[in-house]
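After this come two complexes, each holding chain A, first together with chain B and then together with chain C.
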Partner chain A sequence: MSVLDGKELRIVGFLCNWCSYGGADTAGVARATQPTDLRIIRVPCSGRVDPLFVLKALFNGADGVLVSGCHPRDCHYAAGNFYARRRLEILKRFLPVLGIDERRFAYTWVSAAEGQRWQHVVTAFTRQIHELGPAPRLEDAEPLLKVADMALTALRPLGSGQSAALDELKAAIRSKLPELDCVIGWQQGRDAAHHVPLFMRKPEDVDKLVWGPFNVNNPAVYLPSFKGKKVGVVVKGCDARSVVELLQENLIRREDVTIFSMPCEGTLDMGRVDQALGRYTAIDQVAYDEAGVTITADGRAQRFCMADWAQGKCYGCATPSAVLTDESFGASAPVEAKATTPPELAMLDAMSLEERRAFWRGQMERCLRCYACRNACPLCVCRDYCVSDSRDPHWMTQEDTVKEKLFFQTIHALHLAGRCTGCGECQRACPVGIPILALRQQISRAVGELFNGYAAGMNPQDVPPLLGYAVVEENIQEQDWK
Partner chain B sequence: MSTMRFVTPDGLPAFLAFLARDGRRVLTPQEQSGAKRAVVFAPWSEGMPFTLEKATVPAKHAVLPQCETLLRYKNTRQDDGTRSLSLDDRPEAEPTVVFACRPCDARGYAVLDRPFLHGPYADPYYKARRQGLTVIALTCAKGCDTCFCHWTGGSPASSEGSDILMTEIDDGYLLQAMTPTGTQLLAASALPDGSERLAEAQAARTAACNSLPPAPKLEHTPQDVAARFGDLAFWEQWTERCLSCGACTYFCPTCYCFSITDEGEAQSERGGRRLRSWDNCMSALFTREASGHNPRLTKAQRMRNRISHKYATYPENWGAFSCSGCGRCIAHCPVGLDIREIVLACARQPAAQEAQP
Partner chain C sequence: MRIGVFVCHCGSNIGGTVDCARVAALARDFPDVAYATDPMYTCAEPGQAAIEEAIHEYRLDGVVVASCSPRMHEPTFRRTVERAGLNRYMFEMANIREHVSWIGKDKEANTNKAAELVRLAVEKLRHNLPLAASQFDVNKRVLVIGGGVAGIQAALDCAEGGIPVVLVEREATIGGKMAKLDKTFPTVDCSACILGPKMVDVAQHPKITLYACAEVEEISGYVGNFTVKIRKRATYVDWSKCTGCGACTEKCPAKKTPDAFNEHTGTTTAINIAFPQAIPKKAVINAQYCRQLTKGKCGVCAKVCPTGAINYAMQEEIVSENVGAIVAATGYDLMDWRVYQEYGGGVYPDVITSLQYERLLSASGPTGGHVLRPSDGKEPQTVVFVQCVGSRDRSIGRPYCSGFCCMYTAKQAILTKDHIPGAQTFVFYMDIRAPGKMYDEFVRRASEEYGTEYIRGRVSQIYPDGQGRLVVKGADTLLGEQVEIKADLVVLAVGIEASKGAVNLAEKLRISYDNHGFFMESHVKLRPVETNTAGVFLAGVCQGAKDIPASVAQGSAAAAKVLTLFARDKLESDPQIAQVDIRRCVACGKCLRCCPFGAIKETEFRGETKAQVIATVCQGCGLCTSTCPQGAIQLQHATDNQILAEVNALCQC
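Showing the complex of A and B:
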């Protein structure tokens, strides 16, 4: 019997076997009156609760999800709930960017003896969900297509990078090459306005190395595949952070990697550039000036000033020079110390929850599930063993629904929590231009707020926040059940 | 003499509305803005905007949806305690018009037709969709840097796979029927006759064909590609930067590999669906066997399969390339791999391999 009037809603509860499940049992034995909306799933520990359990439930029609475990310092497995606390708090701060009301999810601690507290928690949470009403479904939203405002000011002057010491860099690579299996960099692609990764093995390969705003690829993506080999990598500032994050996670060994770097002056947003160039049969010329490039295609010249045409990530970049390097050439212009919000995230911040659902509904519809986003990510190291392809556990079906497609994005974003360095390769690689980087950026922002400004890939000695815990969390304010 | 009609740009919405009559689904290129602009084929209804640009994604899904239900099953308990299984495997096919795809996309349907309709087994799901499909292709005004339709036997004005070929002329478009379906459709439309504009259209088509640089001769390519099969070093060299994503195959108008999965439905008692969804040979999972063994473990082996299928085995079976030269795999590859370079490199002697990717 429900103590609340009206129709029951669907609330899923994940309760740890040792405390909260016992607490619910105690409440039952004491015949404490409770609402009946909650469907309990018993788990061994709150640490077993993958944030994806919660999302999967919310995506598939749950109106609310409650996770409850042992009180901190009272975990049956000593530390399971400490890990859970960090993960679940990040999840809570991630939900709104998807258009899900964060009040639909709560986590708390109830011991086996606290029957009364359990009764209180479940009643209060159920009332909260009833106040919110049935959860709106993503697929019911009317698609909303909106584009981020790209009129931004960079934290440092952006330029075409043509004053960089490319010849010195090439000489350094040539002299190191005999000790290395290969050095990864960039070369000209199908024309002078498109650069692609380059693998230098012979001295003459080094001649092909190019530097400049067309060097959009992140060469760090290839490093884990060279496991056990000595390899060099030429990096921009953002790429260096990916290398550092790989080192932080022991996915590559420091002694195996030689990092060559030059300060980056920004890279072009090739999606916008290609759109401006339109259909052309040949690039006649690419001419660089200090602040931009002029591309002549089929006799028509267009100038792309870096201040206007850079990738969204470049405007807020505070690390144009590599944070870790072996051989570096040149110094970057001073960077203004200022907190910025990336363009797509700022656009989402300004939207209501309903508009965000409509936005993702409209954007994800054209996703073809090609997984270029996943495979271009330097930190997606599961490679051929991604859970999204697995039948056991069966996280996803092969359906082409907006729900499945967005669920994959949440898998990627959550697996990158505290690891994503914001290189933006996921979004750049997307052939249909879905602004998926914003989801990772929201999580990175939450990580920064919770862990005293932590940013991934800055220091090889840092432990990624979700690989550790603190007994007392400074910035996590747990819900008050008064 | 085929049926011809003339339509002005302002007359296009009325023509689309005519096409949408009798419950036909009309797919038109539609612009969608995100981190970059994408043009996708989506159902059109009166009053909706549309564009005539080349789409980012070809309209392959008109005949081969990204995911489709092959059958629904239900296992129900009878009153006497026995169980009965019911199956519904009727194809779901809506009569569809693809409007303003490009000749390369239309040729894609011709490539798909061979294995799905003309092989030893005709695929009933594909067949149902294909029979209800009308293709209106728009002649490309000019080629672009990633286009190579003329390498593969097509052209910016090819009519292969199209029911109606639409060509831009001075003040509008000439619609020329290429098949009986196209003739019927044009004859039923209220558009004025356009026969006297044919010369203009032909001039526009010739100009489009001349806008492309000369194509290399590919008559020995099937043999050259097949001869590279054992040269794994060649494939490794060309796929070093490949990320093994599926962009090249999912944006291809001629790739047709699929996977079949069963999904039980939690809501219904012992019921479920069998789904057919796109799959791609660039994924390691494509060939991973239940034992865990994978005959195509490396990306070099997988790329070899993709190129060999398009340029050696499919031509061997069907006498045409399984590539219409639309260039989307080049334009959308996150690392800029260029199928044209690989195909040409296959023909070069091993000694000339210094020309590395």
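Showing the complex of A and C:
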């Protein structure tokens, strides 16, 4: 058995107590010789295996990870492995975007009677890991900072939203305001080229409401903190999906929320805009035309055409109008129905695994651990109890390493699996401009592929795919280790 | 912490390929390890005593034993540490036998691996907390699902043991398949004569509540406290008034009603009592054929019924019963043999199943016990039996042996000669499987005393010869030649399958089932009646093919398990369940949505909604723990921190 020769590699197994751990015992009783690389961690059920355990192992030096549970329909806990199958399959499709070879992770089903099968799985998986060799460590990659330009083509003409019915919207808010504690929208921030959230409580507040490509913040992020109060929210199409997702997850109540919406023509990628503006003391003027804005700062005018300067998410946006709304004003331009790859993700798709590791190594070195990404995320509902600040559970250390920083991003991405609406607030809020949305986009893409085009935040009645299961999964082909 | 590590040699089982002394030496350097040694047999009495001594001497507050699988001896060692005053959950096992010494040949690699597994166990133990079991009451009543011979036996044994029994039967009468049989092998006893008294006992036993024409609709709860909803179908006869006199069945004009009890070998009336010994002996109206119910005019039975029991307006009804244990005894059905087109696929009336033949042989059957073939009512002179129709046939996805067909075929061949002395009988077989007491002798009697001709081979085709007979074409693999027999009647020994709806029931019971729908026992050899769901037991063919004596034995075994369970007034709950950290919970309801057991509910805490685990319902799978993003719900003894400690013990670069 060639895999037994040479240096051992580090392979971690998570086995359910009832079937696979018993199968490994059966193999032992039958003296079924196996390679010695594998170390087994016993868990009650494959459903107990948080995909993050697998990532934790892979990040900390495991060369391979194997999860094994009871065969579908045979779960001791009736359905644990059905949930595990969905979550682990998502994980498998997530690994490559991090630069980890997906063959380093496998999940399978072995019953307590299948000692022979277990021997075969262990031998084959160990051989596979030896063929791949020791896992390259993230810290060893040469940091890659230079990023190729993203290809940007929109599904619809992007614009500056100047024809929007802002006055009608304001009138509607004014008439509803007496019944509501607060209506959330946008106002001008430090200058005319920056908008910030606005909390309208009095009629005069409504005058401050603005609309346009600077309305980048997602106001849905504030809704859970108003739980139990009557609140209104002005939304763009993408923001509405966050509201729907919050409703789906029971974090806000439909009867408490009034949704005002207008079709969105795109928002500016403020990271790039600010970079182009450079240092300035004052904004002299912001002039809107149909397809863009011209910002004059310190006497220097620059035009930002929406087709070139929008946020990455806007190009593939198929929901410029709110999917759920109470009062809507205006209609949107038709959207060409077409599947697109978001530009951030397309950029990573074009890279090799090694380049992706180098990319994340370089990008994560810049991460400040400020957690702005988390705080801006409307679906980061843990709020004060984020696992990143906790010792029980103690998922992360406070070490300032690339590994820990990227691990936090994977925690966030996996916690959002099947929930992320792609609003991109994490990436927008990042003060150093790391394209972290790509990690969430990869998971959303996998969710869509696996669950017949499922997209989060489209319908309050949907069951998020990772909180459900199907006895027979149409789109999941498990490796059969024959 | 002060941890003691015991690296067992297990004789040469571990010591042969693992340097146990070295593992113990390495373990001394692991954090918090205060003592490490390598005993020869840790599970033996002196070995256990040594652990207890070490706990006292070295003031240990946690113990790691590196030996065999925890599935084997974890309970043993937990008791050991408990005797020495430690909490039983302050113990961890490293499996260095099944997972190391028995599967690897390289001693150095094995030793290294064993040491790492010990380290893993030590790290886990460092994060363990003492856990305490709580106690709960047991409702000492049992539900038996299925009134075949296995279910009857289980019900009677439980009732005799003083336990109130709820027996649910889907058909109108209990008795199951055995009630349809004419005689039983290997004694050729009359089936009704030996089963009948048991059925009567069920009806008369004060501790047994029988629901016939009923099915289990819903099961909730857990061992000791199940709540079962039972759907009673509408029989259109008030059974509290029906005396079973049969006046209605005599007068009923709908005489073309299919007779399911007689396996459709004849017809019956729309209102009918399945057979003379039926229990309960009550009439049931078949709503599909009753003229009053289908056409709204007739009402003959209502007119003739002396007690006024007929009620055409009867509705089905759901009743609820609380029990502490459940015995599943749902038996089997014959597979649909019509997939065999080469045997006519059900077109030829004189190709019948063995169960139909049983009804033709029975005195209570449609022919009054005279063997008359269905097509023309004549006595057959040549009868061909074909075995393994739908058994051991991988081509139709039925690789298993149905177990008892060899024996009943021999019995039917013998009975054929008893009924028609001049008849000629042939049996096509693959192998004769007669492993029971007096079984092989019985098969020999069929061939030697009764002149049954046994032909080893498969039948390739059955077709009519155009003159009222059937041509059976097959191979004789012993002689290596083709065989062609002109038969008057062909009896197929049709393979069995799990009872219709068995899978559905398994899901309600939360027990596992195999690829063919048979219920899974807890351990193939050592726990053949238990399931992996506490308080649910199995009896009879629902678990796998077996004949009457084996079914009866398993019925009694299941009853013994129920009585053992009920011997205690209180049960201990497993403390390895999920627990909510109420501060971290944001009431998003994800755990509640995923929990396969409905063990999580919402509760109010200082005006806020929070999740709460219902301790007695939680089974400890930990799905909620891996679902909760903020880690607010933690499965005790397999918390995030405990598993992370294990991962970190293995991956530390």
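By definition in this document, the second predicted complex is superposed on the first by the 475 of 482 C-alpha atoms of A that agree within 3 Å, B and C clash if a C-alpha of one lies under 4 Å from a C-alpha of the other, contacts with A are read in each partner's own complex, and residues count from 1 in each chain.
In the analysis below, contacts are C-beta pairs under 8 Å (C-beta built on N, C-alpha and C of every residue); 3 or more make two chains touch, one makes a residue touch a chain.
All values reported here derive from a predicted model rather than from experimental measurement.
Contact with chain C, but none with chain B, is seen for A:R73 once the two complexes are overlaid on the shared chain.
Once the two complexes are overlaid on the shared chain, A:D274 sits against chain B while remaining clear of chain C. Once the two complexes are laid over each other on the shared chain, residue contacts for A:K229 go to neither chain B nor chain C. In the superposition on chain A, A:R48 contacts chain C only, with no contact to chain B.
Of the two partner chains placed by the overlay, neither chain B nor chain C lies in contact with A:R127.
Once the two complexes are overlaid on the shared chain, A:Y83 sits against chain C while remaining clear of chain B.
Touch criterion met: A:Y21 reaches chain C, while chain B stays clear of it. Once chain A of one complex is fitted onto chain A of the other, the partner contacts of A:R253 are absent, as it touches neither chain B nor chain C.
When the two complexes are laid over each other on chain A, chain A has residues 383 in contact with both chain B and chain C. Contact residues on chain C toward chain A in their complex (touch as defined above): 69-72, 95, 97-100, 102-106, 109-110, 112-113, 116-117, 120, 507, 510, 512-513, 520, 524, 532, 576, 581, 583-584, 586-590, 593-594, 596-597, 619-623, 625-627, 629-632, 634-635, 638-641, 643-644, 646-648, 650-653.
Across the interface of their complex, chain A is touched by residues 32-38, 40, 54, 56-57, 65-67, 142-146, 211-213, 240-241, 243-247, 249-251, 259, 261, 263, 275, 277-278, 280, 283-285, 288, 330-332, 334-338, 356 of chain B. Only residues 145-148, 189-191, 194-197, 199, 205, 217, 221-222, 269, 271-272, 274-275, 279-283, 312, 344, 362-363, 366, 368-372, 374-376, 383-384, 389, 391, 397-400, 425, 427-435, 437 of chain A touch chain B when the two sit together in their complex. Interface residues of chain A facing chain C in the complex, by the touch rule stated above, are 4, 8, 10, 12, 17-18, 21-22, 24-25, 27-29, 31-36, 39-45, 47-51, 53, 56-57, 60-62, 70, 73-80, 83, 87, 113, 119, 137, 249-251, 381-383, 385-387, 390, 392-395, 415, 463, 467-468.
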